[in-house]
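Each in structure tokens, the structures are laid out below.
What follows is a pair of complexes built around chain A, which joins chain B in one and chain C in the other.
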Partner chain A sequence: MTDSYYPKSLSEALELRRETGAIPFAGGTDLMVRFRAQAGTLPKLPHPVLFLGHLEELRQISMDSSGTHIGASALLSDIGVSEHVHPMLSETVMLMASPPLRNLATLAGNIGNASPAGDAVCSLIALDASVVLASLSGERTLLLEEFITGPGKTVMKSDEFIREIVVPADQPDRYWYRKVGTRKANALSKLSLSAMATVHEHRVQDFRAAFGAVGPVVIRRRDLEAQVRGMTLDQLSRETEGIVDAYRPHIIPIDDQRSQAVYRLQASLNLLRRWIDLLMQGG
Partner chain B sequence: MDSITFRLNGTEVTITSPGTRRLLDVLREDFSMTAAKEGCGEGECGACSVLKDGRVVNSCMVPVGSIQGCEIVTLEGLRESEQGKRIIDAFVQSGSVQCGFCTPGMVMAAASLLAEHPRPSEAEVREGLSGNLCRCTGYDAIVRGVILASREGEGL
Partner chain C sequence: MTTGISRSVPRVDAYDKAAGITRYIADIPVAGVCYGKLVRTSISRGTILDIDVPELPEGFWFISEGDIPEGGRNRIHMIKEDWPVFTNSEVRFYGQTIGILVGPDREQLIALADAVRVTYREQEAAFTIEEGLACRGGALHGDDNLFADYCLVKGDPESAFSRAHRVIEDVIETGFQEHVYMEPQGITVEEQDGKIVIHASCQCPFYIRKAVAPSLNRSLDDIIVRQAVTGGGFGGKEHFPDIIASAAAVAVTKVHRPVQVIFDREEDMCYSTKRHPSQVIFKTALDSENRIIGMDIDARINAGAYESCSPVVLQRLIFSSNSVYDIPNVQLRGRAVATSTIPSDAFRGFGAPQGIIAAELHMSHIAREIGMDEVELKRSLMVSKGSRTITNGTIHETVKLHEMWQRIAEVSGWHEKKSRYAPGSGRGMGAAFYLHGGGFTGSGEQDIIKARVRMVKRDDGIVEILLSNVEMGQGLQTTFRKIAAQVLDCDYRDILLADPDTDRVPDSGPTVASRSIMIVGRLVQLAAEQLKHKLHEPGAQESEAAYTQPPGCHWDQETLQGDAYPAYGWGICVIETAVDPDTCEVETLGVWTIHEIGKAIDEAIVHGQVTGGVIQALGYGSLEKLELKDGKFFQHTMADYIIPTTLDFPGVYSELVENPYPYGPFGAKGLGELVFDGAAASYAMAVQHAVDRTVSRIPVTPEYIMELKTHG
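Right, the complex of A and B next:
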């Protein structure tokens, strides 16, 4: 019995996925760490793996009227410099891991890992991105927010994998991405904020905020965003503390080896406040 | 066991191995190429760096079954090339090596960086080496080495 499959095409990959149930393997930068064994021995992968990283069909980055299509196996290092990619996503990706890891790691891997601290996931959720899931029975497209349901949990079926990620072309005018980590390279986020907005004639027309690493999934509250939309900048100024207070109960971090819940909550709300300040200055 | 073919330092090689075996172990055990080293085994330190199709990657993260048809270059191959000689020479001149454990990985990261940015700024060098840890030098001498390598061959 083999421990891995090396498909030569997307269609062969889909067949192998259905027949063998092998788990998708892109860059391996999560899987090889999670299932790492003693030095010099095989990683203890619980199932055979299906290599997808090499498939050219899955490595394309392109743009059409609906938006940017990023292949599941496109490398973070290519996404970071692609002219088709929204600058908030480029910035996010170039702050992930390190140059050698970005030459292996992918967006589909960051999504498939389904960690609330997945940096790309946080910005992709702010960008209203969708995932296209492929199987031999066809394709379905889901909002990324609906795809990830908990830490390490997704709604992916056992015969599916992500074929591409789609970022809509129409985006708010402004964005602000902040990642708080111990150091610049190779540090998982203690917390992060991916924020976007459009302010036109002193009125907030669009407002989005996605918070990473402060809950079981990335936190984005469309109900609260709707309350901010339509405010004038004067209202925004008066309501800043009200908005921050409205977010407070939804930011529900934990203590872990990277950071403490109290710090994560406070720093997340400080970033939100700062983002609102920036909007008032630049409006 | 799978039969896996790839190019290693310019020569096509075929091995029989479980596909999930780490490229790092294959290089060290099957080919006795010990320049790539295991520092952490989890992607943090860069001591295991090699070039995969021209770009630096951590060989501890790479299952050998995933690199069929790829071109892998280790320090053993790079040091035979003009570029490799230039980087190694610049490291020697700049005092970039103390214990030497990180050095092969640093040289591979430098090669990948210089291929992309032939005249990097200091900030670009520091970013380019940010996946490689060194416990001895404090990095400055390594950064100087990479900058020197980028200038050599252009008559300084």
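Right, the complex of A and C next:
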């Protein structure tokens, strides 16, 4: 049997988290799969669990001048249709899993699971999203890129959990999300690209590209993005292959059950090239 | 509007299944049950030196070879004595049964199974067809690793090759496929009145009886098999239930309590049988005008570690390897190769899909080589009534493929699209032509199965059909009733047809080989016709019909010569695809099919089979990659072994052409496998057209397409 805690409020949840170190459990769509046991037996969760999915305080999706605030336990199915949510994130979320899973799964869960193939993480990193970590000692806010440090690894402390995710209001004009899954629905990603840009008067003012499932963490290279910023479209056209080549060494996928490294690399670079083409066409 | 027997009626099983009322084997509680957990080998080849079982709590047992009742055989009788029930020495594949732990608590069973320590002497193993042929690590079977080695000759291939202007060589490969029936394997075995009663999710109740009896040293009548509601089979429940039933039955004779074995999905995917991987090597001789004058075929299948039904699968593969084409001079060698993988076994199509995929792709490759339209090439070689088959038999029926092609070309917009999409444009069209012989291969129905169907009118006037074929989702509970009701002129819902119980029903054979309607349905019709005369006589009345070979069919099983099948179903599948230039993902834009199955017994059921079979084949052709890594299946969860969802393919257009078969019920022929045979090839050819590269293997994954585009 697994010890479990069912707090009635956020403050009680924070207390239980500090006292017990129980693992935050929202929809359970990752945990219940990871710790499943054989037919007719209960899942073998190695830690006590702290249920958070039911706390209304954590389920809100709201907007203020700083951006969109998505509660840790907001459901993917709600995020996908919320008017406050950036369309790239909505698209990403609606391509995750299947309707029944989206009715249970949460954004904080996808982040906390810290899989390099976590689809929401890829788009959130492109959107410069932050996570707000709460504990009895107070709150701290980290860029998502800083929060996730490796496959399944985050900097979350044993008395903290994610309270909300903040997506800044100010975003580039254009975006393009491409998930290459194992099939069209209810699929894990072989690779994904969350790309954004602002082009004003034939000049690239902002350029972002985040690649999922092709490295130990989502790959976003702010140094390379800085090199693209400021280019005219003519320059962008001339430099396309140079940009693609600059990304190449940073995309370091593996062979696994779902795909092959050589494919993942080639398809990722092809998508980057396509994104640059789309910018030049203005379409 | 369709009239007569083809007109659709509500399926008798549909409501309860849709509403979740139907109870499958895992849903039925059994008083005092012991659960069974198989303990398996963790190496692929070698010898067991020691089995160390932890001390077992009261009420738990470890059952292994030594527990087989006196005089019982440690061999499971399939086509012949085959897999051992339990191994205590020789290991031939990863996941082979060593023993079965039984006890009342599943959690404890898992812990105990994990604590069993087995020491081995490991040996080098062969996993692929090439490694098997090379007898890597020494032969596993005989001295050449061949469970079967067949030769066929049609015409004078030697002379054809000596006259050849050029020879086109080709290698076509297909991989493993997992059945993914909706309900995993499950079985409950118990003692009742001194007999062994087996409740099984299965396709072939009488096979289980035959498999288990020798291991228990009991007579066939001492073993009673009752089919449990079966949530899909696709061939995966043809022989594999024998494996679990034998182990569980031995346990029951020892512990004298009911034993239940229910697999979960991962266990099922890891340790159940799969479709045979294949490799077909062609050499085709052309004359100076690029006419095909001869063909040399070398077909190999990966049979795995035990024979199972591999020789018969291989027979169907080689008999299908000229597909619907009359190739003038052919020499063929077919081999079933032993390897240290789980024995490959039956899967919808039973070798025919591998043969047809090879034939279709090879024909399309020839067309590419000689710059000819592939459909025109194929149409110029199509069989017709009176044509000679690869086994020197005769096509006895009128073949309607040309008129079917006219029709499907029209509805799919074939000619316009084929001319509009330049090769390599990213858009492609594929067309596969195929056939499937109904019933057992060769003289199997007459010499081995000898099907019988009984029908009774009870005292109370109610009519019951007694036969051994099972409902597993394909609609037999409805179609058999319809056939009887049509003859007896009554409502199909008033006829009884229970899930088979070997103690009550005659053996009408297994639910395999597209035989249930064509062969057994015909017997239902004949039994009903006999009973009709006695229907109004007082008291209980009975009739029985037994199989007889249709006149004019000849077969020699020794030489594999003659009519391999009495009649065929025919089909064409057209597929339109678009390949993403960046990721090589494939969007299937259209799927059009046309089939000739004699006569539909129920149009909605037929369309359900068409859609299901075609989508399953498209999964096989595009998504379902199943790789071996160190003898284990690399993909073994539903997250990694990818089957299609409703979003992956569009709706399947399906049309039927009638051509009643005089020896089928109301003219019906086989259907269940035919509809699987062509779609994978069609898909591969559509991709081939879209990317203008030679596609030589399935599944045609985006990874493979990228490889083709990068390296040619």
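Convention: the second predicted complex is superposed on the first by the 280 of 283 C-alpha atoms of A that agree within 3 Å, B and C clash if a C-alpha of one lies under 4 Å from a C-alpha of the other, contacts with A are read in each partner's own complex, and residues count from 1 in each chain.
Simple rule for what comes next: a residue touches a chain if its C-beta (ideal position, glycine included) is under 8 Å from a C-beta of that chain, and two chains touch if they have at least 3 such contacts.
On a predicted model such as this, the values are computed, not experimentally measured, just so you know.
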First, second, both or neither for A:53, with chain B first and chain C second: first
First, second, both or neither for A:258, with chain B first and chain C second: second
First (chain B), second (chain C), both or neither touched by A:27: first
Touching partner for A:99 - first (chain B), second (chain C), both, neither: first
Partner chain in contact with A:267 - chain B first, chain C second, else both or neither: second
Which of chain B and chain C A:40 touches, first, second, both or neither: both
Which superposed partner A:77 touches (first chain B, second chain C, both, neither): first
First (chain B), second (chain C), both or neither touched by A:6: first
Touching partner for A:180 - first (chain B), second (chain C), both, neither: second
Shared chain A surface residues [contacts with chain B and with chain C]: 39-40, 42, 184-186
Chain C partner contacts - residues on chain A that touch it in the complex: 37-42, 178, 180, 182-188, 190, 257-260, 262-263, 266-267, 270-271, 273-274
Contacting residues of chain B [partner chain A, same complex]: 1-2, 18-22, 25, 29, 38, 41-44, 46, 49, 52, 55-58, 60-63, 65-70, 109, 112-113, 127-128, 130-132
Interfacial residue positions of chain A with respect to chain B in the complex: 2-6, 25, 27-29, 32-33, 36, 39-40, 42-43, 45, 49, 51, 53-54, 77, 97-101, 103-104, 184-186
Chain A-touching residues of chain C, taken from the complex the two chains share: 26, 35, 106-107, 110, 184, 262-264, 266-267, 581-585, 623, 627, 634-635, 639-640, 642, 644-648, 702-703, 706-707, 710
